[in-house]
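Structures are listed in the sections that come next.
The same chain A turns up in both complexes below, where it pairs with chain B and then with chain C.
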Partner chain A sequence: MATFLVRRTIGAILVCIAVTFIVFLIFIVVPGGDPAQRIAGKNATPQNIINIRHSWGFDQPFYTQYWDMLKKMFGGNLVSYTNQQNVLTQIVQGMPATFSLTVGAGVIWLFFGILAGVLSAMTAGRLSDRVITVLALIGISMPVFWLGIVTRYYLAEGGLVSWFPDGEYVGILQSPSQWFSHMILPWLVLAVLFIGFYGRVLRGNILDTINEDYVRTAKSKGLTPRRIMVKHVLRTSLIPIITLFGLDFAAVLGGGAILTETVFDLHGVGQYAALSINNFDLPPIMGVTMYGAFFIVGFSMLVDLFYAYLDPRIRPT
Partner chain B sequence: MSERLLEVDDLSVHFSTVDGTVKAVDGVSFELERGKVLGIVGESGSGKSVTAMTLMGLTRDVNAHFGGEVRFKGRDLLALSDAEMQDYRGNEIGMIFQDPMTSLNPVYRIGEQIVEAIQAHDKVDKRQAKKRAVELLKQVGIPNPESRVDDFPHQFSGGMRQRAMIAMALSCNPDVLIADEPTTALDVTIQAQIIELISRLKDDFNSAVIMITHDLGVVADIADEILVMYAGRVVERAEKRDLFYDPQMPYTWGLLGSIPRLDRPKPERLHSIKGAPPSVINAPAGCKFRPRCPHAFEKCVEEPALENRVEKPGHLDRCWLDVEYKRAHRDATISSNTGEAA
Partner chain C sequence: MASETEFTLDTAAQLATAERGSAPIRGRSPWYLAWRRLRRNYVAFSFLGLFVLVLVACALAPVYASHVAHTGPNAEHVLDTVKVNGHTESVVTNGGYISKKTGKPCATSETGCILISAIPIGPTWFSAGGKFVLGADSIGRDVAVRLLYGGRNSLIVGIGSTAICVFFAVILALLAGYFGGWIDFVITRFFDLFYAFPVVLLGIALGSALAINGFHHFGINIVSGSLWIPTLVISYVLIPYVGRPLRGQVLSLREKEFVEAAISQGASPLRVMFSELLPNVTSSVLVFFTLIIANNIVLEAALSFLGAGVQPPTASWGTLISDGQNLIVSRPWLALAPGIAIVLTVLSLNVFGDGLRDALDPRAKVKIDH
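Presenting the complex of A and B:
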C-alpha cells in the first residue's frame, strides 16, 4: 500500500512536469506570439521591445526560460504577459465558481445518469428504454455552448421568461439563495451531456452483468429481484462509472468546463483559461494547465484506491 | 415406496427467436423420489440444462413458452408466480452450476454469499447464519472453514469453489438438488471427489439429486436412473444397470463409446459420434438421430414413440430397430475395434 502511494505520487509529479513542458514547447513553436511585443503595447519603439525581451528573459535559450517559468510557477510568482496580474491570485479567485459548478453539476449528473441507466436497462427494449435512449442521445449531441446560449436566451432574465438570473457568479457566503439561483442553469447545462453518456454506459454494463453466471446463482438462491439488482448487478455495473466520474469530475474541477463557464460568465478557472488562450498569454496557460493536471492526476489516484476497495480481486493481499 | 418429490409430465420449453421457435425441450417426463439420483445425459444443445433451469424457474422469459407440468410435492411449479417461485428456489430446490469460477460473485466473501442464501429463506440473524455457513463449509470439506469463510472467491481453487457452491445450494436443506454439469470445469481428480461429495451429502441431507452431464462416466457411480436426451427429447430411459448393460438406442451406444477407454488399442481409445446435433428450430422429421445413425433404415422417417421394447419394464427407448439386431450390433460401437462409430 505504501509503495503503491509512493510510486503513484512520483508518477503524478512526472506527469505534471511533462504536461507543462509540452504546453511550453507548443507555445514557443506556434508562430505569431512574440510576448515582448504584447507586453510593449502598440506604440512601442523597437528599442523598447528589445529592452523588454531582455528584462523578461525572452532572449534566453528555451530551457532557461522553461526553468525560470517553473521556478516562478512553484513560487507562486507567475505573472501574466498581457496585464501583469499574478496568475495564482487569478486562479484562486476563479476557484469558488468552478468548485460550485463542478460539485452541483456532478451530483446532478451522477444521480440522473445512474437513474437513467438503471431505468433503461430494467425496461430494455420497451418504450421507456427507447425514450430514455433518444433523450440520452439528444443530451450527448447537444453542444454545451449552444444549449447554454439557448437556455440563457429563453429562460434567463431579459429572455422570454425570466426564471433565472442571467449569468455571473454570486458567492455562496454572500447570498446562498442568489448563489443557488445563479448556478441552476449552468449545472443543468453541464450535466445534460454527462447524464446521457453515463446513462448509456451504465445501461450497457447492467445488461452485460445480468447475464453473468453469478447473477443466475443469486436468482437460484431465491433472492428477491430487488436484492439481485442492487447487490449483485448494480454493485459490479457501477465500478466503471466510478472511473468515469472520477476523471470527469476532476476535469471540470480543473477548469475543463471552459464552455459552460464562458457562456454563463461565471469567472471560474475555465473561463480564465479561455481568456488566456485568446490572448496567447503563456504564464496563465501554464498555471491553469498545471492546476488542471493536479486534479486529473490526483483523482485518478483516488479512483484507483477506490477500485481496490470495490473489487477485492485487485486488492493487494 | 419412498416419497415422490418431483413429477415432470410432458414438459416442453419453447423459445421464440427471430429465426423461429426453438424447441429446446419437447415432451420430457420423469419422476424423482427422495433419496434417488437421476442422471440426465446428452450432448450440448440436447435440452438437459434447459430442463433443469426450468425446474428452478430460471428460464422464465417473455419469449419462453412452457407446456406440461412440473409437480413438486404435488404443486405445479410452472403455474406459480415469480414471487411464489422465489420461495422454492434455493429453499426446496437447490442448484449447482457448471462453472464454479464464474458462478460466485467475485466482490463478496464466500461466507456473505452463503449467509445471503440462508437469510433469503430463514429468519435468522447474521451471526447464526454465519455459524451455519461455517458448518456447511466444513461439511463440504473446506479446510479451516472458520477462516476460509471470510475469503473471496478468487482465493479459492476451482474445486473449493464448487464445494462452496454446493454448501450454498444445500444451505436451506432443499429436498431436491440439481447439479448442472458440476464437474465439467474441474480436474479429473477433483471430479471424483465432487461426485462422491454430492452422493454423500444427498444421504446426509436426505434429499434427491438430478445430475446433469454429457459424460456417462460421471453418473455411472451414483445415478439410480438415467435419462438420455437428444434434440430436446428423451430417447432412452432406464435404470443405470440396464442402460449400461443393455442400451437400446444407437445414440446411447455412441455416448458409451465416447468414454475414453485405456483398455482399447491406442487408435480406438476415444470414439466420437460423427456429425453434430440437429437444429432444434428445424429438427429433422422422424427420429431426430437418423441423420447421424449408421443403423438408420426406411422406418426411421417416422418418429418412434418412447416406449418399452425390452423384457425389463420401465426401460424405455425411441428406436425402431429390432432388439435382437441391436444386441448383436451395438458392441461394435460401444467397444469397437473397427473404428466405426455410431
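Presenting the complex of A and C:
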C-alpha cells in the first residue's frame, strides 16, 4: 500500500507540472498580445514597454520564465498582469462560492441520480422507466448555460415568477438562509446534467448485476426485494458511480462550473478564470489551471484508494 | 410402440434429410443483423429522422435566406421597415427602461427595470411574408436566418471536431493496443494527462488566445475568424474518452487467434492494425462518433457563449444565445430558439446513439423489449 501511495503521489506531481508546462507553452506559442504591452497600457512609449519587458523578465529565455513562474506559483507570489493583484488571494476569495456550489449540487445530483437509476431499473421496460429515461436524456442534452439563463430569467428575475432571489453569492456566514435561497437555483441547474447521466449509468449497472448468480441465491433464500436491492445489488452497482462522482466532483470544484458561475454571477474560481482569459492574463490562468489539476489529480487518487478498499480483487500490491 | 416416439440418432438423421429439402438457412452478416435490430427500434429511428431534418434545414439556409427572408445572415436592418399584416413597422425601435417582470416600458425610478438600448421587432410568424419569422436582433439581423446559418456552423464544428477526435483516438488506440510496451505506456500517460486537465478551461484559454490573431506557425495559417479554430480546439478535448476504451478493446483483440494467424502469415503491423483490428472496433467507433457529435455541439455552444468559440459576426447557436441573453426581457425568442435547436439536435443524436449501441452490441446482457 505504501509503495502504491508513493508511486501515485509522484505520478500526480508529475502530471501537475506537465499541466503547467503545457499551459505555459500555449501562451508562449499562441500569439495573443505581448504581456508587456498589456501591463504598460494603451499610451505606452516603446521605451516604457522595453523597461517593463526587462523588469518582468519577458526578455529572458522561455525556460527561465517558466522556472520563475513556477517559483512564484509555489511561493504564492503569482501576480496578475492586468491589475497586479495576487492570484492566490483571488482564488481563495472565489473558493467559498465554488465550494458551496459544488457541494450542494453534488449532494443533489448524487441523491437524485441514484434515485432515478434505481427507480428506472426496478421498473425496467415499464412506463416509469421510459419516462425517467426520456427525462434523463433531455437533461443530458441541455446546455447548462442556456438552462441557467432561461431559469434565471423565468424563475428568479420575474419573467414568470420570482420564486428564487436573483443575484450574486451570499456568504454562508453572513446569512445561512440567504445563502441557501441564493444557491438553490444554481445547484439545480448544475445538477440536471449529472442527474441524467448518473441515472442512466446506474440503471445499466443494476440491470447487469441483477442477472448475477449471487442475486438469484439471495432471491431463493427468500430475502425481500428491498433487502436484495440495497444489500446485494446496489453495493456492486454503485462502485462505478462512486468513481464517476469523485472525478466529476473534482472537476467542478476545480473550476469546471465556469458556465454556471458566469451565468449566475457567483464570483467563484471558474468565473475568475473566465474573466482572466478574456483579459489574456496568463498568471491567473496558470493559477486556476494548477488549482483545478490539483483537485482532479487528488480526487482520482482518493477514488483509486477507495476502490481498492471496496474491491479486494484490485487491491494494489 | 414406445421405441417409435423415442428420439434416436436415426430420427435426427431423418429430420435432417427432411429439412434439406426446404430452403437453406441463409448466412447473414453482423451488419445486416444489426441493421435489422436497429430498424425495429422505432424511437431511435424517428430521432434519426429528426436529426436528418435539422441537417437538411441547416443545409438549406442559403435557400431560405435568399428566397424566403430576402436577407443574409449578417445583413443589418437597423433603419429598415417591414410590412406586418399591412402595417409598416420599423425593424429596430428605440429602447428605454423595461420592466423585468412584464417586459413593458417603465419609469426609470421603478425597481426591477433595466435599460435596453434598442428593441428589435418580435417574431412575425410569417405575417410579414417570411421576413423576421423569429424577429430580429438588436442590430436588425433576421434571427431565423441566423438560426439556420448558426446551425450550419455549429454542425460543421461539431461534426468536424468529432471526426478529428475519433481519427486520432483510433490511431492512438491501435498503436497502443498493437505494440504495447513503451508505446502503450507513453500513449496511456498521454490519456491520463488529458484526464487531469481542466479541459474546458484549457479550451477556453486556447480558443480566446487564437481568436485574437489566428495561428501562423509551422507553415499553417489560420485566420482569426476561421471555423477551424473552434473545431481544432474542441477536437482534442475528448480524445482520451474515446481512446481509452478503444485501447482496452484492441488490447484484448490483440490476443485473439485471428491476429496471431495474420501475423504468422507475415502480415505487416499496418495490415494487422487496419484490416484485422480496426474492423472489429468499428461498431464502438460508430457509437462514439454519434455520441461525441452531440457532446461537441454543446461544447461549441459553451465556448462560443463565453467568447472563445465561433467569433462574431459569424452565427452559431452559442453566439446566438449570448446575443439573445441581454434581450431576454423583451424578446425571449432570441435566446430560446437557439437553445431549443441545440436541445433537439443533441437529444436526437443521443437517442439514436443509444439505439445504435443496442443494435450493434448483441452481447449486451440486458434486452428491454421495445
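Criterion: the second predicted complex is superposed on the first by the 312 of 317 C-alpha atoms of A that agree within 3 Å, B and C clash if a C-alpha of one lies under 4 Å from a C-alpha of the other, contacts with A are read in each partner's own complex, and residues count from 1 in each chain.
One rule holds for everything that comes next: a residue touches a chain if its C-beta (ideal position, glycine included) is under 8 Å from a C-beta of that chain, and two chains touch if they have at least 3 such contacts.
Note that the structure is predicted; figures quoted are calculated from it, not measured.
When both complexes are superposed on chain A, chain B and chain C clash.
The wider contact with chain A, measured as residues touched, comes from C rather than the other of chain B and chain C. Once the two complexes are overlaid on the shared chain, A:205 sits clear of chain B and of chain C alike. In the superposition on chain A, A:151 contacts neither chain B nor chain C. Contact with chain B, but none with chain C, is seen for A:219 once the two complexes are overlaid on the shared chain. Touch criterion not met for A:80: it reaches neither chain B nor chain C. When the two complexes are overlaid on their common chain A, residue A:292 makes contact with chain C while staying clear of chain B.
Within the superposed three-chain model, A:20 lies out of touch with both chain B and chain C [touch as defined at top].
The residues of chain A lying in touch with chain B in their complex are 212-214, 216-225, 231-232, 235-236, 310-313, 317. On the chain B side of its complex with chain A, the touching residues are 56, 58, 82, 86-91, 94-95, 97, 99, 102-108, 116-117, 120-121, 152, 154-155, 165, 168-169, 172. Taken in their complex, chain A has these residues touching chain C: 15-16, 18-19, 22-23, 26-27, 29-33, 124-125, 129, 137-138, 140-147, 149-150, 153, 157-159, 162, 204, 207-208, 211, 247, 251, 254-256, 258-259, 262, 270, 273-274, 277-278, 280, 285, 288-289, 292-293, 296-297, 300.
Within the complex, the chain C residues that touch chain A are 100-101, 112, 192-193, 195-198, 200-202, 204-206, 208-210, 212-217, 294, 298, 301-302, 305-308, 321, 325, 328-329, 332, 335-336, 338-339, 342-343, 346-347, 350-351, 354, 365-366, 368-369.
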